[in-house]
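Structures given as structure tokens follow.
Next, two complexes with chain A in common: one pairs it with chain B, the other with chain C.
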Partner chain A sequence: MEYLGQYKAVYKAKAGCEDILSKAQDGGIVTAMFAYALETGIIDGAIVAGPGEEAYKPEPMIATTVDELLAARGTKYSISPNMALIKEATRSYGLDKIGIVGTPCQIQAVRKAQLYPIGMRDVPDKIALALGIFCMENFPYQGLYQMVEDHCATKIDNVTKMDIGKGKFSVYTERGVNAQIPLKVTHKYEQPGCHVCLDYVANLADISTGSVGTPDGWSTVFVRSAAGEAAFNKAVDAGWIIAESMDGVKPGLELVTKLATEKITKNQKYIEHRAHAEHEALKPLRNPYI
Partner chain B sequence: MGLFDKFKSLLFGKGDVSEGTQDEKPVASKQEPVASKQEEPVSAKHEAPVTKAEPADMKVEQKPIIQKPKEEKPVADKITVGHVHMSGCTGCLVSLADNYEGLLTILDKYADLVYCLTLADVRHIPEMDVALVEGSVCLNDECSMEEILETRERAKIVVALGGCACYGNTTRFCRGGQQNQPQHEAFLPIGDLIKVDVYIPACAPTPQQIRNVCLMAYLLLKGNDEQKALATAYLTPLMNLAAAGTEACGCDLMTEVINQGLCCGCGSCAAACTVRAITMQYGRPQVERDLCIKCGACYAQCPRSFFSFDVCGQYESITNLIGEVMKP
Partner chain C sequence: MSKVVEISPTTRHEGHSKLVLKVNDEGIIERGDWLSITPVRGVEKLAIGKTYEQVPKIASRVCGICPIAHTLAATEAMEASMGVEIPDDAYLLRIILQCANRLHSHALHDILALPDMYLPGTDSKINPFSPEEPVRSVAKRIQTLRMIGQTIGEIAGGEAVHPSNPRVGGMYKNITPRARTKIYDLAKQALPLAREQMEFMIAVFENYAKRDWAEMCGREVAIPKDLGFHQQGYMATDPCYGSSSLDEHPTWDPARWLEVRPWDWYMGEEEITLEDPAYPVGGTTKAGGKAWPQMQACTGVPLYDGQPVEVGPRARLAMYRNYDRKGAIGLNIAREMEYMDSVYKMIEAADALNTSGSVVADVIPQGDGTIGWAANEAPRGADVHLAKVRNGKVEWFSMLVPTTWNFPTCSRALTGAPWELAEVIVRAYDPCVSCATHMIVLDEDNRLVAQKLLE
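The block that comes next holds the complex of A and B.
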């Protein structure tokens, strides 16, 4: 289970609330979990990727109401430095129990901040719920812009949803599917730092969720930590989340495992390549993993 | 969870012993002549100097008198820790104290504070397991030069506590010319003068990070093999930082992370920066270098400076473990 991390349970799940689902990327798990956690006091605020000044340019924000959470629905395939707010959440926002959603690297950053809080006073004890999203790679905003405007020939302001799945990057507008490009075309726009990432399904999150493995409108959910398990089970009992067994679900865990293995193997190779062991004349590049 | 239970049992297997001896401490102390003036080691440490201070203040002989009880004290299961104050602001020590009752737990169970000019009346640097050294060293102050050398000679583990000791921090900007020692102009991080084992960067370092290092040093020196392995795994990145050098700046984010193709845009650096010199622009840190005080927090906190899957992968069990052992 190395590629999928440690987990207590895995589900096919979606939000129990239509309002959340209406603009959710998949099953609305992150929004529903945070909304439930806010309502019940598991958290008193959540760091989410809110809407920024430019279309589809995410801006980290601290949501303390369900309305603010709803505004942050949907995947923005660009960088949202959510960790930048983690200390401020304990300061001017005065939060005691912080929720944070992030890609695998951001969840790694959360855990590092908890165990090695070097410039993060009071942060370690105040992380209440870290939700991780599956992530194959991310794009700088200009890369995303070019993918949408140039390759998909679509005005980014008109886009209502973007999606990566089945080997395609798809852009939807209000009139329906507008454009699709093969993922191959997008590779050059990937954030270089993503190529050393060894985590696909946010192994260190309390709960991680993503679209791969389950049908449209549903999410694959790994429940990992004790805190994650407690919160998730309560959210299911309260009807905020509908969770079903992954048994017999169509692409299922097999596909998740396959993609995780592909990502990690490819990036591991790249890290080895950076060591330049085969070229005496080349100095090794820095390897952050020890 | 299995892992946590394992660590827990390991530690409390050990802990039973240490708590046991601790309870027995007053009894055990009767074996020694020391017992006459101390019931309980920690308070004794404070009392002894205080009661002796007035008559013995002038005497250099005071030093062995203070040291003797310490050596003979039944502290076999505690480590000895000292706080050495070089050219620092005491903020690092305040950070240690900001563990609140956690500090008392550490002093009760895991460590004796054998030297700390701010808190105790031990005048000279004694032998100690761990020296928490705060501040940089003024080359133009002979006494400081001697003290940093003595610290190295008398401490098993030297920890550079805080940005000044690690990287110079604000004292990097010192250049003399002020009353009444205008010649006091050259300051170096302690690692430029002695070998340093562990870094705790940032200005101020966090209470939680200092606590973690103290606990891990305890496990390293007093634990069984498995505990030593955990402590080593935990401390290794901080030892690597110490080995890597004495220079730090917001520029490290450029030279060591972005330029190396490693930045993932998470924003940890921006959160870690004490002086808000870092903002995130289009997913990358933008450092206002004239604001930067060269404390080293941003780079050290970056998940792409160092990241240990072994340690961070066990965040849950290690966090629970720390929570357990910090119970009073």
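The block that comes next holds the complex of A and C.
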């Protein structure tokens, strides 16, 4: 439990709507939740990772329509600084109830801005729905590009989906070509900052979701806060989301817990390593957690 | 025999200042000096060599009540020097920002001015923090007006305190249709509140004008009918926004401006011979101390046509609306009369705004050292910035801010008032002393050099 954060309930779930599912990464939970929240006024806009100028280079954007949400579906395994828009959303965009999706570190940033708003005037009370996505690690765009173009021998513009699972990085194209490389090949491209990250399943989100634990086309969903619970239950009642019990689902929470434990233990070790002078810098390196 | 009394520091206004007052046997001011004792931060000097983009952002930090004025005046002084014409929609966003700031600033000043005043028909002074009616509702209304001003400023200007959206060449961002709707709704909400607030405040000030005395230091002090009258002129550049050297018909003329040292204008060294420990709260400066306004004043003294002038709400109304009420109460009432315009103007500008229009000039020349100036009608009056930009760098920068203009004028307006009411006169100017404090530049002959730069 401690590796998965606090939660009120956990489900195997997916979007109730085929349109959303068609290009969603997994169960389309993020897109369906935001679409429902937009339609019902729980939020008046959502910060998502929109399509950027180059293929799979995400660009944070504020979606205020379902069409814009649909355009942002799918995982881009590269850094999308969604928090960069958090203040602007309350300014020139004029939003009052903001939705935001992000990796665990981005959700931490949201919560920190709410509690310690440094240069973040009017942000704390305007966060209405923070959706977290599970995250093992991320890649700078150059790294991702090399993984796809060189290691997978695929032109990145042709890619329709990327996916990390079962120890492999997979790339799909429209022609059905499917290149796979073992994850160990990708390690050197990881963003170094990810190696001190102690959160796998977005512990601080209102609702967190990811692919691990449930079958293809479905998502694992943790409902965490009261606001998350209210929104999620209503979305289920309204048919935007189909939620089923996690009982008996394979590989289920066991695998989620295993991966979370691995991530946290490994990174915790690295943090301790940095604190000692045997680090190659030969002096203790800063620890943001103390 | 005249005596000298000193009130230091003065309160319920922005910044740090004091009053050195020469009074007669009846305690009536014969000659008063009101001066800034805020440390000089030297923004104009440190601006030299910096880029035209950063200087307006630094100038903004001169003051947190009217940062809009400094941001816009500095940005537009750069634009004037560089010859940049900004797009209409950027200008409209700046107007919305300007009006939003005026709304909040005037409302804030109501809080500062009210404790001097009486609830009409009673002998009880108004404590804006009192939980009792009718004061409670007034305080709430003021806070709502300020919230609206700050929120609208934030939407149009990026930030309510130190606006981030203005940039040389226009604005960084236009706003969304939703944001514009929000501005409308908030402004509509402000309209009836602003009207009620204006009417309430005018009634309170009129009541003070009719009173014979005010309680001060535990005694009844007679209120003269000509409280705060002066013979200086007015200077204003626009009823709402401002003017710049890019205008076809600029409404400010640098050739009429001259700056002298406090040395030429303020009193010399004086010994304090009168003290009153009952002056709220904490008494006046102890007798025996020395005051030297000439040396202690931290501002230059700008003159227009060779005289100190008054700037601010009354100057605007006097020049553009034939307003003629004099004195401290006349000035306070003029300020209240600006409430409605600031709300209507932002509604008009929001109406005219095209939310998909471009807000940055296509071409931004980098400057050839030409002098440019821009005047912004800040809540407290004309805020004139002058700049020379060459190859993207600021070569020279000067800020003539409203309270700097008002310092010597208000000092003259003190004559004839009982010293206990001097602060009431000062507060009528809604002083912003941080704003006023800046560097004065002398050449070898102790002459101001700013004037020469214009030639």
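Side notes on the structure shown:
Quick note on the criterion: the second predicted complex is superposed on the first by the 284 of 290 C-alpha atoms of A that agree within 3 Å, B and C clash if a C-alpha of one lies under 4 Å from a C-alpha of the other, contacts with A are read in each partner's own complex, and residues count from 1 in each chain.
One rule holds for everything that comes next: a residue touches a chain if its C-beta (ideal position, glycine included) is under 8 Å from a C-beta of that chain, and two chains touch if they have at least 3 such contacts.
Treat the numbers as computed from the prediction; the structure is a model and nothing was measured.
Touched residues of chain A were counted for both chain B and chain C, and B has more of them. Residue contacts after overlaying the shared chain place A:M83 against chain B, while chain C stays out of touching range. Applying the stated contact rule after C-alpha superposition, one finds that A:T64 touches chain C and leaves chain B untouched. Judged by the touch definition given at the top, the superposed model places A:R121 against both chain B and chain C. When the two complexes are overlaid on their common chain A, residue A:L95 makes contact with chain C while staying clear of chain B.
For the contact definition in use here, the residues of chain A common to its chain B contact set and its chain C contact set are 88, 121-122.
Taken together, the chain C residues at the contact with chain A in this complex read 151, 154-155, 158-161, 164-165, 173-176, 178-183.
Across the complex, chain C is touched by residues 44-45, 64, 88, 90-96, 121-122 of chain A.
If you check the complex, the residues on chain B that touch chain A are 1, 95, 200-202, 204-209, 212, 234, 236-238, 240, 256, 260-268, 270-274, 280, 282-284, 295, 297-298, 300-301, 303-309, 311-313, 315-316, 318-319. Against chain B, in their complex, chain A makes its touches with residues 60, 78-88, 102-103, 105-106, 108-109, 111-125, 138, 140-142, 191-198, 203-204, 225-226, 285-286, 288-290.
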